[in-house]
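Structure first, commentary second.
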Amino acid sequence: MRENRLLQTWAGGGYTINGWLHLPSSFAAEVMAHQGWESLTIDFQHGVLDYATAVTMLQAISTTDTVPLARVSWNSPAEIMRLLDAGCYGIICPMVNNRADAERFVGACRYPPRGYRSFGPTRAMLYAGADYPEFADRHVITMAMIETVEAVENLDDILSVDGLDAIYIGPADLSQTFGGTERSDLTEPRMVDVLDRILEATRRHNVVAGIYTGSAAYAAMMVNKGAQFVTVQSDWRLMAAASRDAIAAVRASVT
Amino acid sequence: MRENRLLQTWAGGGYTINGWLHLPSSFAAEVMAHQGWESLTIDFQHGVLDYATAVTMLQAISTTDTVPLARVSWNSPAEIMRLLDAGCYGIICPMVNNRADAERFVGACRYPPRGYRSFGPTRAMLYAGADYPEFADRHVITMAMIETVEAVENLDDILSVDGLDAIYIGPADLSQTFGGTERSDLTEPRMVDVLDRILEATRRHNVVAGIYTGSAAYAAMMVNKGAQFVTVQSDWRLMAAASRDAIAAVRASVT
Amino acid sequence: MRENRLLQTWAGGGYTINGWLHLPSSFAAEVMAHQGWESLTIDFQHGVLDYATAVTMLQAISTTDTVPLARVSWNSPAEIMRLLDAGCYGIICPMVNNRADAERFVGACRYPPRGYRSFGPTRAMLYAGADYPEFADRHVITMAMIETVEAVENLDDILSVDGLDAIYIGPADLSQTFGGTERSDLTEPRMVDVLDRILEATRRHNVVAGIYTGSAAYAAMMVNKGAQFVTVQSDWRLMAAASRDAIAAVRASVT
Amino acid sequence: MRENRLLQTWAGGGYTINGWLHLPSSFAAEVMAHQGWESLTIDFQHGVLDYATAVTMLQAISTTDTVPLARVSWNSPAEIMRLLDAGCYGIICPMVNNRADAERFVGACRYPPRGYRSFGPTRAMLYAGADYPEFADRHVITMAMIETVEAVENLDDILSVDGLDAIYIGPADLSQTFGGTERSDLTEPRMVDVLDRILEATRRHNVVAGIYTGSAAYAAMMVNKGAQFVTVQSDWRLMAAASRDAIAAVRASVT
Amino acid sequence: MRENRLLQTWAGGGYTINGWLHLPSSFAAEVMAHQGWESLTIDFQHGVLDYATAVTMLQAISTTDTVPLARVSWNSPAEIMRLLDAGCYGIICPMVNNRADAERFVGACRYPPRGYRSFGPTRAMLYAGADYPEFADRHVITMAMIETVEAVENLDDILSVDGLDAIYIGPADLSQTFGGTERSDLTEPRMVDVLDRILEATRRHNVVAGIYTGSAAYAAMMVNKGAQFVTVQSDWRLMAAASRDAIAAVRASVT
Amino acid sequence: MRENRLLQTWAGGGYTINGWLHLPSSFAAEVMAHQGWESLTIDFQHGVLDYATAVTMLQAISTTDTVPLARVSWNSPAEIMRLLDAGCYGIICPMVNNRADAERFVGACRYPPRGYRSFGPTRAMLYAGADYPEFADRHVITMAMIETVEAVENLDDILSVDGLDAIYIGPADLSQTFGGTERSDLTEPRMVDVLDRILEATRRHNVVAGIYTGSAAYAAMMVNKGAQFVTVQSDWRLMAAASRDAIAAVRASVT
């Protein structure tokens, strides 16, 4: 079975940089897969894309060795299983607030007896190899989002669920549920403290920590603090910023 | 009828900055339409997109006052007319090498008696208004690509075709047909001389000059030389470059 | 932030006429957006359309000032949030039968602390403006369907949920659960009585009342009774009826 | 092989009413196929649709015995052959202005030795039956558009081309090329005279006459004059008119 | 209303052979509908397809008298109802493990008072006829998957739910939850015994038994044991095997 | 630049087996790419697919080392160039009947000065590598269809066109233009003689010979005669035949 390169890097103590896909386009995904991101996450929660397009995006990513991930729109076993069958090598699940949420999520990603994933890895076997059924449980990453007050309170419960590989911090929702107004790259001391507590807990439970960020600087800072999986913006935000920069540069140089 | 803002700006002696769309996605097009490009060109020649997606892209662009254009894949009346019916406010036509090519192209964009465009502006009337049939010929921009040795030799013939509003320089093909190897932002003295001759001819014929460029600096230089319509890269190239920059910035700051 | 024109009209005591979209086509949606409907509702419950097409339909509607709404297929937070992120300015939710249903629904439409909507208004910010996060809770309409015996019994509970803006009567399901056979434009005295009780309750709770109808006459009657939001048929039913009329008219006049 | 019901009706001296499809939706096509149109024409010239969607529309039409036709965007053999292979039972070809145009068109619809259609009726054999290759030439309708001054001048040449089954009058283009401003349902005496001459010529050559109309009354009048194939408006125009009528009817009845 | 031919055959004691659709293509579905399968099941659980494509697949199947079914991805009323509205004549529901699961499933397929299906059979009325609302409950097949230890333990509870027409055995999941490694065409004596117990229970409760198989031989064996609904492989597996056979045959004959 | 494996095999005197794609599905294409075909040809002439889907099919094929080819619908430079830009490593062009046809075709596949291909290998550079512009002319296969009496008469003219790599025999059209009725696997002595003459001419001109066949046996026979590129049926025909076989096998074994 094809290795999951993220797990290899993390096991060696390294970190990986993740691209975030909101554009519903297999060509956009293929372009992104050639830029050096170690993984790409197709976002079903806030991206404007759907399953049918996502399958073509997964195919496009599969033309490279970039690791394909998806964030599901909900802790929904059907959605999770369909994306795994389509060849995702990991799932980011929103709104994991307690042990029951985490168990429901992790169970959907594992075959019996470890979980309750239904058998039918239609495209996954093309992508990963004929021995996928035997080894999938070792390679599929489970990443629970920590993004509410409740989740922070239940951190130890969540992090101790067997089969949970990683957590992913959603700064906007986390900040909102704490009553803050910052939406990414949190710098409020209170929130920085929350982030530090989360990182500390992941170290204690030997679970990988990941986070969405709005800038390379913040991403690097989080890696330096111990995060091993960092996202920097999303495909369309990168394109939008580059567009504005290009236009401004022309305007500035026309005499 | 809704005005064509490009024509207004050009008539005032101003220049406009054009975005270039290769991504087959209405959401990508809508994002681009919010960044400040005065027009967006859907490229059917080298973009990986098709007519059905282009219609949704035109709708997305129409949520703003960005002017929608298309480059057709060929000097094909059917393709040109279909895109005009879908609401494009201008057509960039490749491989216009002589007067006959230019007449064929311009005629496809104009209703009788000025041309031979077939009547049926299905979506164009929603976009532009109920009086579109009466005024379309005034608002639809015709832009012929100058991209071969032959076209340069026939410049005066081409530029004197009645109804031709503008030309668009394709630097890669132009350079290749002259035997060069540069593909954009041409700096070879021989090619710079060709560009200057083209600009000079457009001034003489009172036709707007446009060009594809690979950088804001080159685009600004061309505006300073008299070009009134400049493209800077394409949607996916901007996204790709911004991705590589972000990744490099993280790597550089991780200790 | 772009105003929600429905809320403005309702606040002034006026009524609005809503078009109903079952056709999975952005061009059909754009045509409908130009006919004078104050709002258009994309129906995920009984329409033959999906999320990806709906995004292009929302873009098409956004080329006008018609207000875009959606009926979700279920009281599903994930589906609700995805449609709000895509730029819907209101959600009609089926099967709201008690207070818990209503709270679950309204909470999915509001950011913390008013609800539990996750942050990520990807397209909504393009449509509504950069200050969408700050003002969205004021502009997004929540409309609960009243369509069962149980819902009628729990009307006061449902209508007193904080943040519920309106209710929408589903006559077919309402009639069926009461054991009737009429499916729209209910005239059975027993059902007319139920409708009157619903209208009376909405007045008491200062909640807007809406209803699906099968004819302009019934819609007008409901407005005269106090409804402020009326749907008349659906896109394809209008097209089908007009087709049959045209064919019959030809047959009648051929000699 | 499945019969072509239009040919049967025409052979008996009858007329048929044709629906016109601009909406890119298989569901819209299926709805239209259930309303009583004897045939439905998918319009590639002025409709906002493409080949991939058209295939699904042809499948939807095939759930009924409505005859599927297409108007191509141009006298293009490749486009014509692809639509025939997809199961169209007739082609309306724009801009047939002389004998050469007509021969090029008819030849593309017939297998050798009658024409030069390439062999590969992929979906047509599913729709029509396994003996399609043997009998296709008898069932596929060829319908040339007469829509220019030049075509009217060359009528006898065009109508005498072997294998041409019918002509289709495009009133808007016809009127425009004659210098008129009417776009459908022509009533200018000069144009009425042109129409009468066309009808007279078709009778003389034993070729069926068809026409696009904007109203049932005009369609019936043309049938009474001898046309055997009449279109009344298009899918979206019927939907748009019905929408405006419904809205006006509500407004008129609200007190 | 159009009859459900499966119910007719089963009532006569006969069996039917079912094709399994994973390919997201209406053309693939139409091809399959012409090969002799009595029914075709669109698989949302493990197929790489989505609702929008499924609608076109249902249209393609409707060009023949093959019975259209769907397997849903989950025991989700919204998904079930949407597929019934789109014209499915039966639903296979995964993970029905106890009476509550079965009641939830069956209720979603039946209108009040037999169930809680919401009214709006948009495409179903085109497919089945105008009297669909009256007779749908008689024609729509409910088929619960038996695929876990728990389901086997609760067989009598499940099979006695009013309105359940059939069960469908999922051999891979069944085997996995029993701790086995076989994934289809189970031959382990322990599993054969489980299958026999399931068949025996269906006979006792007068419920039809169905099963997925990986070969014609196993399917025939199951029919001989009493199964009345057998699937043999899936569309793409048939295509893949035929491809490998063709390639091997060429290699074997080249000298 | 990524090698073209077909050219390598042919240069060594070997033959390759080609799969033929008519199904408009990237998943079907990915399945086919895993079965052992050395190349896969996306057929735009008789397949029911379009450019947008073809791009996703090319991406799917690119997840393996199967060589992606396309047959265009016509000798159309625009269509040819768009498919090359999308990453095809070879083009099969129908209806090449004389030297002019062949030159037009080959020129569209080669950059200046060898031809007139326009520069813009958008996806091709992702697939093949950054040095694609420099080496593309060496790797892109040009394959002209020989399928008419005229082409056979002009064989030497066609085969001597510089840059033509291969020819592909279309047996159905070839047979039809010769007045025959066989459509593939031609056995009429007259046609066998024609095929032998074609093979002989390709040997003389050092051009590779290819052919479409309907069976492995015929394909092997043609290889034994010298063909180096053989197609065996198409994706959906393989699926259809395997379906009928499976159904028949069940019927035969049920007692």
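Order of writing sets the chain letters: A, B, C, D, E and F. Residues in each chain are counted from 1.
Quick note on the criterion: a contact is a pair of C-beta atoms (placed from the backbone, for glycine too) under 8 Å apart; a residue touches a chain by one contact, two chains touch by 3 or more.
Note that the coordinates shown come from a computational prediction; the quantities given were computed from them, not determined experimentally.
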| item | value |
| --- | --- |
| From subunit C, the most remote chain by mean C-alpha position | F |
| Distance between chain centroids, defined by C-alpha means - subunit B, subunit D (Å) | 35 |
| Length of the line joining the C-alpha centres of subunit C and subunit D, rounded to whole Å | 38 |
| Centre-of-Cα separation between subunit E and subunit B, whole angstrom | 53 |
| Touching two or more other chains - residue numbers and ranges from subunit A | 22, 24, 27, 31, 34, 48, 50, 52, 55, 76, 123, 236 |
| Category of the chain touch graph - line, ring, star, complete, other | other |
| Chain pairs that touch, as defined at the top of this document | A-B, A-C, A-E, A-F, B-C, B-D, B-F, C-D, C-E, D-E, D-F, E-F |
| In the complex with subunit D, residue positions of subunit E that touch it | 26-27, 30-31, 34, 55-56, 59-60, 62-63, 123, 126-127 |
| Residues on subunit F engaged by subunit B in the complex (per definition of touch) | 50-52, 55, 76-79, 81-82, 85-86, 111-113, 118-123, 133 |
| Subunit A residues within the subunit B interface of the complex | 15, 17, 19, 22-25, 27-28, 31-32, 34-37, 48, 216-217, 219-221, 223-224, 230, 232-233, 235-236, 238-247, 249-255 |
| Contacting residues of subunit C [partner subunit E, same complex] | 22, 24, 44-50, 52-53, 73-74, 76, 94-95, 147, 170, 172-173, 176-177, 179, 183, 236 |
